[in-house]
Amino acid sequence: MNPWIAIGALALVGLLIPLGMMAVSSLIRPTVPEKGKTATYESGEVPTGGTRIRFNIQYYMVALLFVVFDIETVLIFPWTVIYRNAVSMDGVGLTNALAPMLLFIAVLVVGLGWAWRNGAVRWVRNPDRSQRSVDR
Amino acid sequence: MVPVQYYLLLSAAVFCIGVFGILTRRNALLFLMSVELLLNAANINLVAFSNFHGNLTGQTFSLFTLALAAAEVAVGIGIILVLYRNFKDVDVNEATTMRW
Amino acid sequence: MAFQLPTWMALGPTLALALTGLLLLVFDSITPSSTDRGLLAGTATLGSLVAVGLSAWYLLAGTGSEPIVLYGDALVVDTMSLFFTFVFASVTALVSVASFDYLRDHSYQAEYYALVTLAATGMTLMASANSLAVVFVSLELSSLPSFALVAILKRNRGSVEAGLKYFLIGALSSAILAYGISLVYGVTGSLLLPEIASSVGGTDLTGVLGLGVLMMLGGFAYKTSVVPFHFWAPEAYEGAPAPISAFLSSASKAAGFAVAFRVFVVAFPIQQLVTGAATGVDWVLAAQILAVVTMTLGNFAAATQDTVKRMLAYSSVGHAGYVLIGLAALSGGNNAFVLAGGMSHLLVYGFMNTGAFLFIALTEYWSVGRRFEDFNGLASQAPFACTVMTLFLFNLAGLPVGGGFMSKYFLFGAAVGAGFWWLAAVGAINSALSLYYYSRVVKAMWIEDASGEFDIESKPAGLYAALAAAAVVTVLLLPGFGPVWQYATEAAEAIVA
Amino acid sequence: MAPWQEAVAAFLAAFLIGNIMLAMTGVAGPWAKRKITAAFTDRIAVNRHGPAGLLIIVADAVRLLGKELIIPDGADRPAFDLAPIVMAGSALLGFAVIPMGHLFGVNLHLADPEIGMAYVFAVASIATLALAMAGYASNNKYSLMGGLRAIAQNIAYEIPLVLTAASVVLFTDSLRMSTIVAAQQQPLFTIAGITIPSWFAFVNPFAFVLFVVANLAEVGRNPFDIPEAPTEIVAGYQTEYSSVYFVLFYLGEFLHIFLGGAIIATLFLGGASGPFLPESLNFVWFVVKIWAVFLFTQWARSAVPRVRIDQLIEIGWKGMLVLSFANLVLTAVIVGVML
Amino acid sequence: MWIEALIAVTLVSAFAVVLAPNKVAGKLAFALSLLPLVGSLWMYSTYEASGNALLEGSELAFETNAEWVTAGPYALNWHVGLDGISMPLVALTTVLTSLALLASWTPIDERQSQFYGLMLFLEASLLGVFSALDFFVWFVFWEMVLVPMYVLIGVWGGPRRKYAAIKMFVYTNIASLVMFIGFIALVFGLGDSVTSLDMPAIAQALRAGELGGLGPVSAGTLKVAAFVAMFAGFAVKVPVVPFHTWLPDAHVEAPTPVSIMLAGVLLKMGTYALLRFNFTMLPNVAQNNAPIIALFAVVSVIYGAMLALAQSDLKRIVAYSSVSSMGYVILGLVAYTLYGMGGATFQMVAHGLISGLMFMSVGVIYNTTHTRMVSDMSGLASKMPFTVAVFVAGAFGYMGLPLMAGFAAELFIFLGSFGAFAGSVWFTAAAMFGIVVVAGYLLFAMQRTLFGPFELETDYEVGPAAFHDVAPLVVLILLVILLGVEPSIFYTMIQDAVNPLVPPVGGGA
């Protein structure tokens, strides 16, 4: 049978179980609205400032890195699937099957090395190089 | 087997949503998301048609499209970041030191 | 040739550029903090010069006369691709040399050069793309670095804004292009241009096909800054660092036209789609409309500018209109002639326009103002640079002091020969108008008296060298136009079935 | 069968599997966790209610479900409510393609699509989204930091995880889970009469280690539990969650640990195969393997100190990623040469 | 090969001068300009040619015809050569340039190296214009002339130089665009009968009547339209009256040496082109509309003279008078008689020398008196007798005193234009009247300025001019007289060249 029907069914289950638990708990739990309960928790102190704080730029850096590298794996998977057949297939051989992916990964590694050396993944005390520069 | 027209309609709908977003939103990030919608509409087409024609060209190409979309976003976010630093805003209409 | 290179070496120029880009990244990875301008600029220049040499050698050796098809027909190396590769590589070399001084105290040296060379790689791939997939990928490969390059002056609001606008429109148009490709694929069931051509004739889904073709035209229009998608051009060229403006307005535009020529001529044959019986996809008509509108709009807008850089930007829009004649005058019979006109104009334009923008780079280096008035009396301070700039401007205007006149004359002549005398007429009128705003700069430089004092402390060697090189080539293209025309014709015949 | 019958059958099967997993994780997990931690710290854990304090589970369930649900001020409501559901649901969804062996002849393998492995990773990483939503929607600085850390960590270790899995695919030529399991059945070599099956853990132990470590980070357990590092940011993304929402998060995390275990078992430990038991009962082996992984995580939780966020990122990007690239290339070369 | 050598040498020396320091630039430029001068004289001495360059059966001197670019249907060739019409003009160019360079030592006192470089560049392009026989090459040089002229006037000119330069530039550029379109229309109209832009080929094809229609336009209309377009284009250069307004401004603002080149050579480009294109390629059109063209000519003669009358600035007077005397040239050309055309061509040379002489002497006077207003000065003769003498001689030459070049030229023109076509008598008579007017006014002005008691309120010493100012004057006046005494120096070759153009009596070709 079509596996996706089953997966869809499991998805349904995966949705129903949490909802069911919510329903149960909404039946048995008390509700005592009270001011102060709903205050944002900051270790018992009175909340100060907003939540939308500016956080470390490095979060962006790794996010950008991830976007690129993770997508590249999409291009690796098909290769892994056909790799052995390609090697054993006559007319292709080991070199023709392996070399392109080596090249691909080499390019990726150059990129990674560059990002590494330029502090894209250096979390603390990354010297913003543009500080030392006068952009024109 | 779903006929290919349905996929075409779906992708057209997604495309139109994207265009609508581009036309109405002034936030650069939302603009970016809308562009992603457009690209994904193209992907839907490609996959559907490649299934319809029975060759894998379209699916392969859609993989490339995905990768490029990712790269585009990477560059775009970077630019928007610098934009925010310079203009303290990501509103595309804020940046008007030059005439359109 | 006495010996036979492996076929993949046909992509030699492309590989040279790509390796240069990676090499630069490696340099920067080894010493991230060093800004050894000499090494970096030298490497970039060397790599692009290697590419120039290879492409020229292949052209001379007639490598492309017999199209070499690589990687499952995805890439084709013929005279046309080599021709354009030569253009891109030359412009890259000029820009790299000029940037040596322009970026003297800039902190992203290696990144800058790497991006330039990688963008050039993408352009060369565009010129030899034989499959819509490669078209899209290579187009993005040349666009993405360009976005970053335009916005590379992080502290400069103009640059960042230009980058944003360039990027937004670029992303939008590339998405549209992708959608158009998907539609065409849906109709024809293939992404290879020849297969599309073979199966496009008999289709009954003319509506979908037409929509796809139109969307692809839009995508290319962005790359070549043709009217519906030209908004970014003035912004990007004005905001970007001037060498990058030169790079984009010359090489990037040429790349867009290269891919547009190939895709439309090869994949959507005129005799089937336009002049044929059972059709509705008259992309030539669209090209004609766009050409006229672009020429006129670009030139008139340029005439009303008050900053030189922006004037040049709009004028490059106008030139895009001229080159578009190469597509618009097809279906007139002598297609090879028309296409060759467009190509040769792109080559000449590559040099003269690069030179003009590099002069702007020089003035920015001297922090001379941007407006026409700020150029007043510059000639008394820097006679050589101003002479060269005058040369470029008159060439752009089409005065016969260099190759610009030849290529423009051939282009219009081709249009007339194809029976589209009205296209040529519009072009001629626009050229006459263009002479007005170009000569404004000349007037300011030579005739007006200096309003303020210039502080021209140094004559940057790199910029001067680039300017001189561009000028020499531009002038030599007047007597030496013969081979250019010959190769352009070969290139055009290579794709005109 | 008619489609609707298929659907009903599938639904029943799904319900079965879903409940098995819930029972194993939500029920046994927390209890086992307490016991193990206590054992490590040389304490006596829950032992009052029922044999070995097993009934504490029920008590906990009622207690948590019965607590008042507090929505903090300024919470982004739909996201706040959605996060727990996504968290639990995504984890549950992953089990769809895991071949869990046979129980009394019933093949506990819900679906076996062609792209099973890709599917599993895709679904598993939806959890990251839930964490982000939770951290963002709670309108709480701790939660926000927790969410961001969760994202940074998950994306940093996602790539090594997937790349290592790709190196497994090099052996199997397929992403289909059943094929992957089948590829590990034939014997590798024999030592002193004991036949070692060609589990990929034995074939490519390097990849196995990488995968286990990356998996630890993915499920956010020590030494990689900074998203909810209690001593730094109170409880990370779930600071503001209470009552049933908290239960769902808790459940979701355990489900994820077990899902990770299931993936490891499938990719590296020969799925449900094992000696001594008839194939109709090899589900037991599968459970054993899952629990082995679970115990490993608990051991790590009590035995290994937590790394700082910067160390975490550097380990991920400079260590794991490079190693997994190396692993992939080496595996490819060796496989190609040996072929 | 000689023509290429000539042009190349001039270009090289131009660059050399640009790079030279300001101090020595003038002398260096003059010295270098002697090379092309000697070269052209040598060419004249060894000149061996017959017939008109554009017509069949012609023998060209120093001809080279090399493949340049083959552009689809049309081949562009590097085709240069000299015949009886262009040889004198080449000689004229080299002579005048050298003298003008000499004359610019005094007035030019800033950015010399650039100035002299541009002058030599100008000379090179002029040589190209007169020797090119392929339309493309010719047009390239034709446009190249503009650039240095524009800068020369714009930078070193008088107070209103910017206005003058822009006006000149725009006028002539639009003109050449119109002309270009007209000519190219002709070429396309010829269709396949020509495969290149070679001027002889095109001329012969046109005279052979192979002109076809172009699109909707019929052959006849196209012919006339092209003729009008080209005529208008060249008329601006000449200038013929309705298009003349740029000339006086340019002349007045331009520094002396530039005016010399402008009046002496640049105007001749216009008439030369008229002769080469309109009157050689489309003779029937020209003859059928001869009265109209003659009317233009005469109007410029008279009107130029009238305008001269109205001026009080010596330079303007000379400028307008040159407008009127260029009118003669056209009159002579349109006559289509041996004398008419020969005389017209001869007049180009003669007027080149004479107007050069006039402007030069005005310049010399200006250098010393710092004014050109007739009313300001008087009795200069006592102060600078020699210059004055030359000036007077020049004026006589202008009105065609016998034994001077002007006399021969105008005599031939009038001889030729009498009875050339119906009513030409009246045109000729009117033109003759014009000459009298100019001459009279010139003499009057001189009498005012040069003779009588000396008065000029200045605070500096007015003395005789420096030697290097006077020397060119002498050379010029000698040349004028020489040509007047012995016109055959040029006239024989000229006549030989224009002869084929002249239709046999009683019919148009």
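Points to keep in mind about this one:
For reference, chains read A, B, C, D and E in written order, and residue numbers begin at 1 within each chain.
Keep in mind that, in the parts below, a residue touches a chain if its C-beta (ideal position, glycine included) is under 8 Å from a C-beta of that chain, and two chains touch if they have at least 3 such contacts.
None of these values were measured; they are calculated from a predicted model.
Chains touching both chain A and chain E: C. Measuring from the average of all protein CA coordinates, the nearest chain centre is that of C. The most distant chain from chain E, with centres taken as the mean of CA atoms, is D. In this structure, the chain pairs A-D and A-C differ in their number of contacting C-beta pairs, and the larger number is found at A-D. Put simply, the C-alpha centre of chain B and that of chain D have 33 angstrom between them. Note: centroid distance chain B to chain C, computed from Cα atoms, is 26 Å.
Measuring from the averaged C-alpha position of chain C to that of chain E gives a distance of 43 Å.
Centres computed as Cα averages put chain C at a distance of 53 Å from chain D.
Residue positions of chain E touching 2 or more other chains: there are none.
The set of chain A residues that touch two or more partner chains comprises 63, 70, 116. Shared interface positions of chain B, i.e. residues touching 2 or more other chains, are given as 60, 64, 71, 78. The chain pairs satisfying the stated touch condition come to A-B, A-C, A-D, B-C, C-E. Interface residues of chain A facing chain C in the complex, by the touch rule stated above, are 107, 110-111, 113-114, 116-119, 129-130, 132-136. Per the touch definition, chain C reaches chain E in the complex via residues 334, 337, 340, 379-380, 383, 390, 394, 399-401, 405-406, 410, 413-414, 416-417, 421, 428, 432, 435-436, 439, 442-443, 446-448, 478-479, 481-482, 485-486, 489.
Across the complex, chain B meets chain A through its residues 60, 63-64, 66-67, 70-71, 73-74, 77-78, 81.
Note for the complex: chain A touches chain D at residues 1-15, 17-19, 21-22, 24-26, 28-32, 37-43, 51, 53, 55, 58-59, 62-63, 65-66, 69-70, 73, 76-77, 80-85, 87-88, 94, 97-98, 101-102, 105, 108-109, 112, 116, 121-124. Here chain B touches chain C in the complex through residues 4, 8, 11, 15, 18, 22, 28, 31-32, 35, 38-39, 41-43, 45-46, 48-50, 52-53, 55, 57-58, 60-61, 64-65, 68, 71-72, 75-76, 78-80, 82-83, 85-87, 92, 95-100, going by the rule given at the top.
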